[in-house]
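Pasting a structure below so you can have a look.
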Amino acid sequence: MKKNVPLAIVLVLGVLFAVQYFVPSRLSQRLYDTTLEWDIIISIPALAIAVDSLVRHHVVRIRQRRKGWGYSWVYLGAAAVMTAIGFSGGISEGGLFMNLFTFALAPMQSTMFAILAFYMTSAAYRAFRARSPEATVLLLSAFVVMLGLIPVGAALWRGLPGLSEWMMQVPNMASKRGITFGIGLGSAATILKIILGLERSWLGGSE
Amino acid sequence: MTRATGPIALALLLALAGPLGAAPAPPGDARAYDTPDDQGGSITVEWRLSPDDAGTRLAGYEVHRAAGDTGRFQPVGQVPRGNTAYNDGEAADGIDYRYRVAAVDADGAASAPAEAGPARAREQWFKAGKANVLVATALFVAMVLVFLERARRGRLFIRRLAGLDAVEEAVGRATEMGRPILYCLGIGLLDYISTLAALNILGQVARKTAEYGTPLVVPTCEPIVHTVAREVVKESYAAKGRPDLFSDDMVYFVTSDQMGYAAALSGIMARERPATNLFMGYYAAEALVLAESGAATGAIQIAGTDQITQLPFFITACDFTLMGEELYAASAYLSQEPLLVGTIKAQDFGKVLIILLVAVGSLAALAFRSDVFSGWFGIK
Amino acid sequence: MKFLIALSKIDRRVVYLLLALAVVVPMIVSFNVRFHVDRSTRDLFEAVDRIPPGGQPLMLVFDYDPQIMPELDPMATAILRHCFARGIRVVGVTTGAQGAALGERAMARAAAEHGKRIGEDYCYFGYKLFLSMIYFGENARRALPVDHYGRPFDSLPMMRGIRNYDDIPLVIDLAGSSILNSWIVYMGARYHVRLGAGVTAVMAPDFYQFLQTGQLAGQLSGMKGAAEYEQLVVERGYAPAKGLASRAMNAISASHLLLIALIVMGNVGYFAARRAKPKNPQGGA
Amino acid sequence: MTTNPWVWLAAILTLCIYTYLYKDNPFYKFAEHLFTGLAVGFTIALTWHNAVQPLIIQGIFRAHDWVLLVPLGLGLLFLARFVPKVGYLMLIPIAISLGASSGIGLPRSLEAHIVKQMQGTLLTPAMLQHPFDPYNGLVVGLLVLAGVVCTISYFFFSREHTGALRVSSRIGIWFVMIGFGASFGYTVMARLSLFISRMQFLMTDWIHIIK
């Protein structure tokens, strides 16, 4: 019973908005715009659940003196300070809030991003082994493209940069397209199952 | 000599005549019509370029409008040279408008106007340009319904997915080693299909961990997904009769920052040393950060995503990867709901249909040398 | 044999250390590697080089943000050095809010190096709407009423006599997104602006078609393009030494080669291990 | 070396993150917790300024757009999660969001993933003019078509991969592997550029080794 109301809501809204796509009228457009705006407002309070969860998690760690509980203070402290500054001082350029963003948060974001250069190297070294025909194709194709992108490659064979680009544009595109068809059919089928109430993972349980 | 001077003089005269004040040549073939597939309130005016458009003399075109048969022409807008259309978004529905389009040069001199209209703006109730999408949608819905009905009547065959055995094995391995399983739902929102599939698989994995008493760790990245994931795990433990094993600490929110989440998971993997890492759902660049940090700890890793750009990295760094549609199929298969198998059949039928249509369309296009077929699939 | 097998079992930390060295060493120690210069780079260089010194200015558009700055900022620097060394005036502008500070920094730095004065040798208009830049084709003065520092258009000596794009011999858009498409469609097609481009390596293939059709006079692709341009600047004697892009490109080449070598070593070791196996079947998995 | 304390902060945090490559250690743990904590605070403050302020405070309380109370009320049902007996009420805002996005997604997904991709795969009469063009020729068109069909066949679930399906799915997975390898190789350059720019930051802005 408790789950029938949400299921009915999904059914009605799902059909309504699938039809809305094909109707350009004023009413239909307004319905769409309003829903997008409402959706933002609806999702705001969910942040409270997330904050509750993270505070609980770290408070428990600190109370039980679990391994590394000191870092939970760092986490909670950083979150509290950043929130407090954001509320009191405003978020304009040049303020303390934006400075913390520019000189603490952003550098760590881009460093995490840049760490990928290392991970690509170690992953390639470990995995690009000619264990099977498929693995060999994978490794050769990566090999050719990498060589084609640096000056040495062009010096070895002038056609290499062109070949590496062709591989990106032709075979790569063909395989992506094949996968995309499957994704399109699969996601449309899943959406339909949600609308029809057959896919219920979002209700919390599969019952 | 004398014979040659005549034409040269004439040419000079013609060349000078342009810049020296004469109005530019008018645009041609103007027409006005209700803008299609819209909510009304708009009329489109089209014309052919003025012959003077190619030079640098022309500034652009000015569009004037008059309401009804007797209204006075008022300027409504202008567009720079090189344009052949103007969208009048200020037209009231149901009123006849007439239009005039004139070419204007840099000094403001206008050509004789080209007339168009009358035209009337109307609100449409169907997007004619999306008819192909409507057909595709209707066809697909019908296919799914038919196969659902067939699934209800009897068992349909679906081949066993290699990835499913890998998931079960990985859960078993963690149990044997007495180490936790890390389940990562990605950074997507709840309404991403990959997130829903990941939640579905999480439910099945949680049932197994409840049964065997294997520790489970689910750090989340999105508030609403977090909320649902917590319920999914809680109910799975309840369903297996082990609500005592569930703790609030299993599913916890970390941060919604993409790279912050990756940093936190790297730390968790290094410290808690899970025996098995499952990465299911929507991923962006952090995919390889997660998979390589996990590989360094020696964990068995299984990934599944419909993000094609991240698949190459999961394939290289994980032990098994569910690619695109396989992720959805795995989630349907694991739930062991016979009806869900029906939709997989419908998807397969869709694939056959796509191949046939592309083949027939290509052959026809080549045989009749016509773009009609690709045109119909194309959307402006 | 043991040595060969060891090649496939290098510790990941050693791999990381090698990569760090492959990047950092070429950045500190400048190796003078000569690059093969792509035609699209050479075309852009020549298009700039043909602009008469001291006359109509080149327009440089900084349509990039901090995320793609590593690839595009070196292009801006190389082009600015070329222009200033040759005495070509430059108008700087951006249609992305995030590009404003980046463009300002790049221009001020290059101008200081060459002792160029704002208003006379170069101008910077900062962030302008794309619509303003379309309007520039109609009326430059009204499209850019004041520069980045609030000075009116008319008070800038080098802008006198600039009516619209007809007085700009070349516009170079340094872009990381589809905004370059808009420049080609609007400015290129409508105002017949002569357009050059600098784009990230990932985006470069999308724009090759415009080079073929001549809608782009030339194009720099990624760090490689910037490094090639730097090389041309040095070869023609406009600068004594190569700059950051060449160092970065050396670092990229070195690390690509390292990666390729690692893959080869891994496979050599893998096959060595496979061969060694049948000889002692008792040896572990 | 710079004397700007903010640059020092950025540089030290950058180095702290990189220490993880050696192994997990207190410096990394500190940076990681600081990172995630700051990010959460950043999200909360931005939500406040970009969503709560304009939509709720401005919209409802200043501009008296009372209709917005409806989505606000629905959103507040999320908080039912904290009240054990009525916890299920939070499914209502989830259902609204999910229902609307499902309906919105159905035709769009079919359009973007199926209809448009079919158009791109179809052979066109224009291909006959330059049959051997490496990008737009007929031969390449046929190659792409074959690649697409074989890749699709790899994802065919209704039959075991035996007989003809075995061959086509095998070719399909080869196409997939060429594509993945090429994408991998192509991405290396972009990631290296990011690392180079971090190094540039350290060596120019922080310790001024290179100019």
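Letters A, B, C and D name the chains as they come in the text, with residue numbers starting at 1 for each one.
We adopt the following convention: contacts are C-beta pairs under 8 Å (C-beta built on N, C-alpha and C of every residue); 3 or more make two chains touch, one makes a residue touch a chain.
Here the structure is a predicted model, which means the values were calculated and not measured.
*Asks:* Quick check on the contact network: minimum steps from chain C to chain D?
*Replies:* The fewest touching-chain steps linking chain C to chain D number 1.
*Asks:* Among all chains, which one's averaged Cα position is nearest the averaged Cα position of every protein chain shown?
*Replies:* Of the chains present, the most centrally placed is D.
*Asks:* Give me the two chains with the most inter-chain contact pairs.
*Replies:* A-D
*Asks:* Measuring from the mean C-alpha position of chain B to the mean C-alpha position of chain C, what distance in angstrom results?
*Replies:* Chain B and chain C have C-alpha centres separated by 30 Å.
*Asks:* Express in whole angstrom the distance between the two chain centres, defined as the mean CA positions of chain A and chain D.
*Replies:* Spacing between the chain centres: roughly 4 Å.
*Asks:* When the C-alpha atoms of chain B and chain D are each averaged to a single point, how far apart are the two points in Å?
*Replies:* Measuring from centre to centre gives 13 Å for this pair.
*Asks:* Roughly how far is chain A from chain C, centre to centre by C-alpha average, rounded to an integer in Å?
*Replies:* From the centre of chain A to the centre of chain C is 29 Å.
*Asks:* Of all the residues in chain A, which ones touch at least 2 other chains?
*Replies:* 18, 21-22, 43, 46-47, 49, 51, 54, 68, 105, 108, 112-113, 115-118, 120, 122, 124, 126, 128, 138-139, 142-143, 146, 149, 168-169, 176, 179-183, 185, 187-188, 191-192, 194, 202-204
*Asks:* Touching at least two other chains at once: which residues of chain B meet that condition?
*Replies:* Counting only residues that touch two or more other chains, chain B contributes 130, 133-134, 137, 140, 190, 193, 224, 227-228, 254-257, 259-260, 263, 271, 293, 296, 311, 313, 315-316, 323-325, 329, 344, 347, 350-351, 354.
*Asks:* Can you pull out the residues of chain C that are in contact with at least two other chains?
*Replies:* 12, 16, 23, 201, 252, 255-256, 259
*Asks:* Along chain B, where are the residues that touch chain A in the complex?
*Replies:* 37-40, 123-127, 130, 133-134, 137, 140-141, 144, 148, 190, 193, 196-197, 199-200, 202-203, 220, 223-224, 226-228, 230-232, 234-236, 238-239, 248-249, 251-260, 262-263, 271, 285-286, 288-289, 291-293, 295-296, 306, 308, 311, 313, 315-317, 323-325, 328-329, 331, 335, 337, 339-340, 343-344, 346-347, 350-351, 354
*Asks:* Please output the residues of chain B touching chain C within their complex, sorted ascending.
*Replies:* Chain B residues touching chain C: 56, 59-60, 80-83, 296.
*Asks:* Applying the document's contact rule, which stretches of chain A touch chain B when the two form their complex?
*Replies:* Against chain B, chain A makes touches at 18, 21-26, 28-29, 43, 46-47, 49-51, 53-54, 56-57, 60, 67-68, 105, 108-109, 112-113, 115-116, 119-120, 122-124, 126-128, 138, 176, 179-183, 185-194, 198-199, 201-207.
*Asks:* How about chain C: which of its residues touch chain D in the complex?
*Replies:* Going through chain C, the ones touching chain D are 13, 16, 23-24, 27-28, 69-71, 200-202, 222-223, 244, 247-248, 251-252, 255-256, 259.
*Asks:* Looking at the complex, which residues from chain C come into contact with chain B?
*Replies:* Contact set of chain C toward chain B: 12, 134, 137-138, 166, 189-192.
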